[in-house]
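Per-chain residue numbering starts at 1, and chain names A, B, C and D are given in the order in which the chains are listed.
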Amino acid sequence: MTVNFALLGAGRIGKVHAKAIAGNGDARLVAVSDAFAEAAQTVADTYGCAVRSIDEIEADKSIDAVVICTPTDTHADLIERFARAGKAVFCEKPIDLNLARVKQCLGVVKETGAVLMVGFNRRFDPHFAAVRAAIDEGHIGPVEMVQITSRDPGPPPISYIKSSGGILRDMTIHDFDMARFLLGEEPETVFATASVLVDPAIGEAGDFDSVSVILTTASGRQCSISNSRRATYGYDQRIEVLGAAGAIAAENQRPVSIEIANAQGFTRPPLHDFFMTRYTEAYAAEIASFIAAIVEGKSASPSGEDGLRALALADAALLSIKEGRAVKLSEIL
Amino acid sequence: MTVNFALLGAGRIGKVHAKAIAGNGDARLVAVSDAFAEAAQTVADTYGCAVRSIDEIEADKSIDAVVICTPTDTHADLIERFARAGKAVFCEKPIDLNLARVKQCLGVVKETGAVLMVGFNRRFDPHFAAVRAAIDEGHIGPVEMVQITSRDPGPPPISYIKSSGGILRDMTIHDFDMARFLLGEEPETVFATASVLVDPAIGEAGDFDSVSVILTTASGRQCSISNSRRATYGYDQRIEVLGAAGAIAAENQRPVSIEIANAQGFTRPPLHDFFMTRYTEAYAAEIASFIAAIVEGKSASPSGEDGLRALALADAALLSIKEGRAVKLSEIL
Amino acid sequence: MTVNFALLGAGRIGKVHAKAIAGNGDARLVAVSDAFAEAAQTVADTYGCAVRSIDEIEADKSIDAVVICTPTDTHADLIERFARAGKAVFCEKPIDLNLARVKQCLGVVKETGAVLMVGFNRRFDPHFAAVRAAIDEGHIGPVEMVQITSRDPGPPPISYIKSSGGILRDMTIHDFDMARFLLGEEPETVFATASVLVDPAIGEAGDFDSVSVILTTASGRQCSISNSRRATYGYDQRIEVLGAAGAIAAENQRPVSIEIANAQGFTRPPLHDFFMTRYTEAYAAEIASFIAAIVEGKSASPSGEDGLRALALADAALLSIKEGRAVKLSEIL
Amino acid sequence: MTVNFALLGAGRIGKVHAKAIAGNGDARLVAVSDAFAEAAQTVADTYGCAVRSIDEIEADKSIDAVVICTPTDTHADLIERFARAGKAVFCEKPIDLNLARVKQCLGVVKETGAVLMVGFNRRFDPHFAAVRAAIDEGHIGPVEMVQITSRDPGPPPISYIKSSGGILRDMTIHDFDMARFLLGEEPETVFATASVLVDPAIGEAGDFDSVSVILTTASGRQCSISNSRRATYGYDQRIEVLGAAGAIAAENQRPVSIEIANAQGFTRPPLHDFFMTRYTEAYAAEIASFIAAIVEGKSASPSGEDGLRALALADAALLSIKEGRAVKLSEIL
C-alpha cells in the first residue's frame, strides 16, 4: 500500500514533512495547500505534487492522510474536519492552546475512529529513542529520576511569543511529553518556577524565558526540567535517567565533531543552532512511524491523549508558578 | 608562623584532616583527642603527636587551632568552648542540627572574635573551584541557572540515617552550600520534593532517599538539585552553570581514565566509590585555606554564617516537602 | 543547468551514488547500466530512470556525466571511453591496480580534456573536511605530524581480498589520500610494515591484515597510518594533526550517542558497523562536489592525479614491506 | 621492616622521590647527598634527614637503599658502587648512554646480587597500569597493535639537549619501555624517522625534535610511536592498544576537568604543562613498588635488563634513521 498524502501548511516545518514523505517508499505527496499560494507552489514544484484548496483535499477520496502544519489556532478545526472525512491525521503540536477545546476535538476524533498522531518529534530522535529502548531492555532497572535539559539557542521574536501560548505551552510542552515518555508513570503533581532573565520584552509580553519544573508520580518518581530561551553555545538538548540499577544519558548532538587543541585548551565547535538540523532524523522517523501506523492499521503514537496530557501539565505548571505551590494534575484534567 | 593544631575526633574524617595538617608546611599537628583511646593513639603514632584530653588541649596555650571531627551533637559546645579559649576553630558540618542552637553558638563566636571555618569541603574541589573562578573571570556572564547532581554510591546504615538529621540536613546541605557558592545571590525561596525509592527502611526511619529541589533568588536565578542515595556507577558529583553568555560544567572525576572497546561498545570504569577518594584534593585545600586564614589573620570561609544558611535551606526544604509549597527562607531564618 | 547522469554499475556503492544524484537539485539520473539486468532494474524502478546498455549511454548526447561503479578491472577502459565521448566522469577508486595502466588512462583523459573525479569519499566527510578547513584557517599553524587510524569492523571475504589488489591498494589507499589531503606537502618516502594477525587465510591469499606506515615529506613532516582488518567495536576512523601552534582531531562517529552507567562502568554503544552508514554524508557531498564542478566548468577534485599518487604510495609501501627499507616515491613514480 | 634510604642528588627529580619516601609508611629518608650543599640542605630541612657525603652513605651500614638522581654520567659508577656496598639501588633512567657501559654495569649488579630498579615511572601511572591490567584480564584478547603518542609541552634548553643523548635516548626511551610493557613480546625490528620541525637549534645540536617509530615483534605485532618536543596544549601522553577482541585507550590527564561553552564552542583547559604534575601518582607508586620489593626480598621491576633493552631500541632507532631501513635489535644487542 502507498499512502497518498496532502500537506496542509507549506511553511518551515511543512517543508520538513514534505521531504520526509517524498523520501519514504510507502508514501506519496499528492497535494499541498497553503494560504500563501507561493509557498504551496514551491513545495509543489520541488516534489511534483498539486496545489489544492483545503476543500479540494477534503473531498479527494484518493487522499489517505493529511499532515497539519498550519497556524495553531486552526489545528483543532482541521483535525475534526479531516477525521470526519475519514483521513488519517498527523498534526503538529499543540492540538490547541485551550484544554477544553482539545478535549472536544479528541471527542470528535474518537467518534470517527480516525488515526490521529501528534507531532512530538523528539520521541523519534534516535538517541532519545535509544534511551527509552535501554530502559525497556532493563539496563538500569526501574526508573527513579529523570533530568531534562532543554535550551534554545536564542529567543524567538516577541510576536511569536505573544501567540505561542507562552514558554510552558510552546517549549516546555516537549519536555513534558519527554518526561511522560521516560518516567513510565503519569506525573501526578507539578511544581514550576519561572523568571525573565534573557529579555525584559518577554516579560512585558506576559511570558517567561527561564523555567525550572519538578514533576512527581504517584510512586515518588521525580523529573526535573530546566529550560532557557538562550544558550549561546547552541541548541542544548539532553536527557538523563537514573534507575535502581544504573543510569542512561543522551548527550548533545554536534554538527561537526572535531576538537582543536592549542594553548587556550581543547575546543569543540558549538552545537546545532536550529531545531530542524538537530532533529532531522527525528522528523523523518516520525513521519515513517505515522505511515507505518496507517499501513498496518494501527493506532498512532504519540496520540491525541498524549497531546492533551502534555498541555495539561503545562497548564498545571502555570498555575503552580502563579500560586507558588505543587499543583495536582487532577486539579486540571 | 607555624600553626599548632589539635585534632578533636580521630575517626575517618579526623584522619583525613590529620594527614592534611601533617603535609602542610605552615602547620604542625601537636595533639589529638578521641573518646576511643585507641583511635587517638593511632593518629598520634602516625604523625608523631601527643594524645591529650579535651581539657588539656583547651588549657594548652601553645595550641593555636583545633579541628572538630567529633559527633555532631558535640559540635556547638566545642566551638563555643574553643572560641572562648582563643583558638581558631575548624568544624566539620553541621554546626548543629537545630537552627536556634546554631544561632546561639555563632553569637558566642562573634563575641569572642574567634576564627571559625565550617567544613564545606566541596568549595575547595579544584574542579568546582575552577567553575567559580571561570564565573568570576566573566566567561559566561551573569549566572542564570545552576544544576547540581549529587548522588551517593549507596545509602549509609540506617543507624547513621537516624542520627544524621535526615538527607536534607546531611547530604543536600552540601548542595545548598554549593548553590549559594555558585548562584551569586542568596536563595529566597525553596521548593523540595522527596520520596523513598531506594530502601523502604529509610522511609521507616522517617527519612527520604531521593530528593529534587528548586531554589530561586530575588532576581529570578534558579538552581535545581537532584539527590539520590544510590548510584550504582559510583559517586556522582556534577555541577552545571548557565549564564547569559555561556555555560560551565564540571564533569565527574574518575579514579582511572581508561576506555575499553569491544563488541559491546566503549566502557569506562565506574566513578570513585567513596567521598574521601573523590574529594582528596578538596580536603587538603580546605585545611590549607584554614591555615592561610590564621596565618594572615583573616576571616575564614566558609564561615559560621555559611553553615547557618545551608542549614536554614535544609529546614525550608523540609517544610516545603511537608506542605507542598515554595517556602521563603525568611519564614525560617 | 541540470546535469543528466548515467550510472554504470548498480551494486552496493552504485545505489549510494544513485540516491545522492536523485537527491541533488542540480542533477537527474536518466540511465543505469549493469551486467545484472535485475540490479539495474531495481535502481531504475526506485529513481524512475531507464535501463540502458553501455553503448547506448555512450551514444546518448543528452547524458552529461557518468558514475563508474563497475568492477575495478573495467575502470580504466570505461574512463577512457566516456572521456572520449565527451562526458564528465566520476570513477570509484582505484582507476586501476596497475600504475602503468593508470598513467596511460590519465594520458587519454588529458588529451580529451574531460572532467575526471576519483572517489576518495573521505575528503568529503564533514568532520574530516572540518579538520582540513581548520588547518587552512590557521588554527594549528604549519602541519608537522599526521596520525591516521583506520580499521575495518571485520575482514572482507577471501574472494574479495584476492581480487582487491591487497590491503595496501584497497584499504590503505584511502589513508594515503587522506595523508596527502592533510600533510600539505607530497610524501617523499614511505616505510611500511605488515603482518597477518587476524586470519591466516588472508596470509595464504598473499595479503596482510595489519599494517603500519610512516610517510615523510621533503621538509620532514611525518604521517603515521595504522590499519587493521578487524576492530570488534566497529568502524574505527580517526585522524589527528599536530601543527606548530596546536592540534586537531576528528573523533569517531557513533550511530547512537547514549551512555549507560552501572556497576560495570559507563558504556557507549559500538561505532558504525559499515562504511556506508559511517560515510553517508560524505558520499552525498562527494557527488554534490562533482556536480558543482561540472556546472561551474571547473576541474574536479580529487583528480586522476590524486588517484595515481595514492596508488603509487601503495606500491611504494609494498616495496618497503618486501625490502625492509624506506622507499622513495621517485623510485615508483 | 622500615627501609632506610639515602638520596643521591637533590635536584628536581630527587625532591620528588624524597617526598615519596617521606610519605611511605615502610620507609625513612635518613640521608641526602648533593654536589650543591644548598640543595642537599633544603631536602634535609624539609624531611628531617642528614646531609652526608657519598662516601659516608656508602659506609653507613644502617642505610638499606639509595635513590640515584645525579647526572646521567655518574649513574653506572654509582650503581656499581652501591650494589657492591650491599644496598638496594633505584636509579633514574638511563643507566648510561653507552650500551657497552650499561652491560658492564649490569654484570657487576648481577655478581653482587643487589636489587636494582630503573626509573621508568610511566609503568606506575595508574591509567597506563590499568591498561596493562585490562590486557592481562583478557578484555581485548591477544595484543596486535600499540599506538603511543608522547609529546612534550615544549623543548628543553639546548644545553640539556646536548648532554641528553638525543631525543631517542632521552624521550623516546620512555615510549620504548612502554612499548615493551604493552606489546607482550620483545620488539625484533625498529624503523624510525626523525626531523627538525620545532627549532633549528635542536638540529644544529645534532638532535631531532619530531620522531615516528614502528616496532615489530617476531609474531608480527606492531607498535607505532609519535614524538614531538612541542605540544602547545600541554603534556600529551596517550596509549592505545588494539587486540583481537577489542581495544583499550588511556586518555590524557587534565589538571582541571571543567568545560566552558559559549558562542565559540566548548572549551576544556589545557593538559598538564609539566611531567612532574602529570606523573605525580606514578612517582609515588614507583617508589612504593621499590620499597615493597626490598621488604619482600623480591627482584624489582623495571629491572636493569629493562633499562638495557630500552636503550638498545633507541640505538637501533638511531641506526634506522641514519640508514633509512628497518634495523634488527639483534644487530645492536
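As a working rule, a residue touches a chain if its C-beta (ideal position, glycine included) is under 8 Å from a C-beta of that chain, and two chains touch if they have at least 3 such contacts.
All of these numbers come straight from a predicted model, not from anything done at the bench.
Novice: Tell me which chain's centre, taken as the mean of its C-alpha atoms, is farthest from subunit C.
Specialist: B
Novice: Between chain pairs A-B and A-C, which one is joined by a greater number of C-beta pairs in contact?
Specialist: Higher C-beta contact count between the two pairs: A-B.
Novice: Hey, how far is the Cα centre of subunit A from the one of subunit C, in Å?
Specialist: 40
Novice: What is the distance in Å between the mean C-alpha positions of subunit B and subunit C?
Specialist: Centre separation, subunit B to subunit C: 57 Å.
Novice: Among the residues of subunit B, which ones contact at least 2 other chains?
Specialist: Touching at least two other chains: 231-233, 245-247, 261-263, 269.
Novice: Which of the residues in subunit B come into contact with subunit C in the complex?
Specialist: Where subunit B meets subunit C, its residues are 231-233, 261-270.
Novice: In the complex of these two chains, what residues of subunit A are touching subunit C?
Specialist: These residues of subunit A touch subunit C: 23, 126-127, 130-131, 134, 139-140, 245-251, 253, 255-263, 269.
Novice: Under the stated contact criterion, what part of subunit A meets subunit B in this complex?
Specialist: My answer: residues 144-145, 147, 149, 151, 189, 191, 193, 195-198, 210, 212, 214, 216, 219-222, 224, 226, 228, 230-233, 236, 240, 242, 244-247, 324-326.
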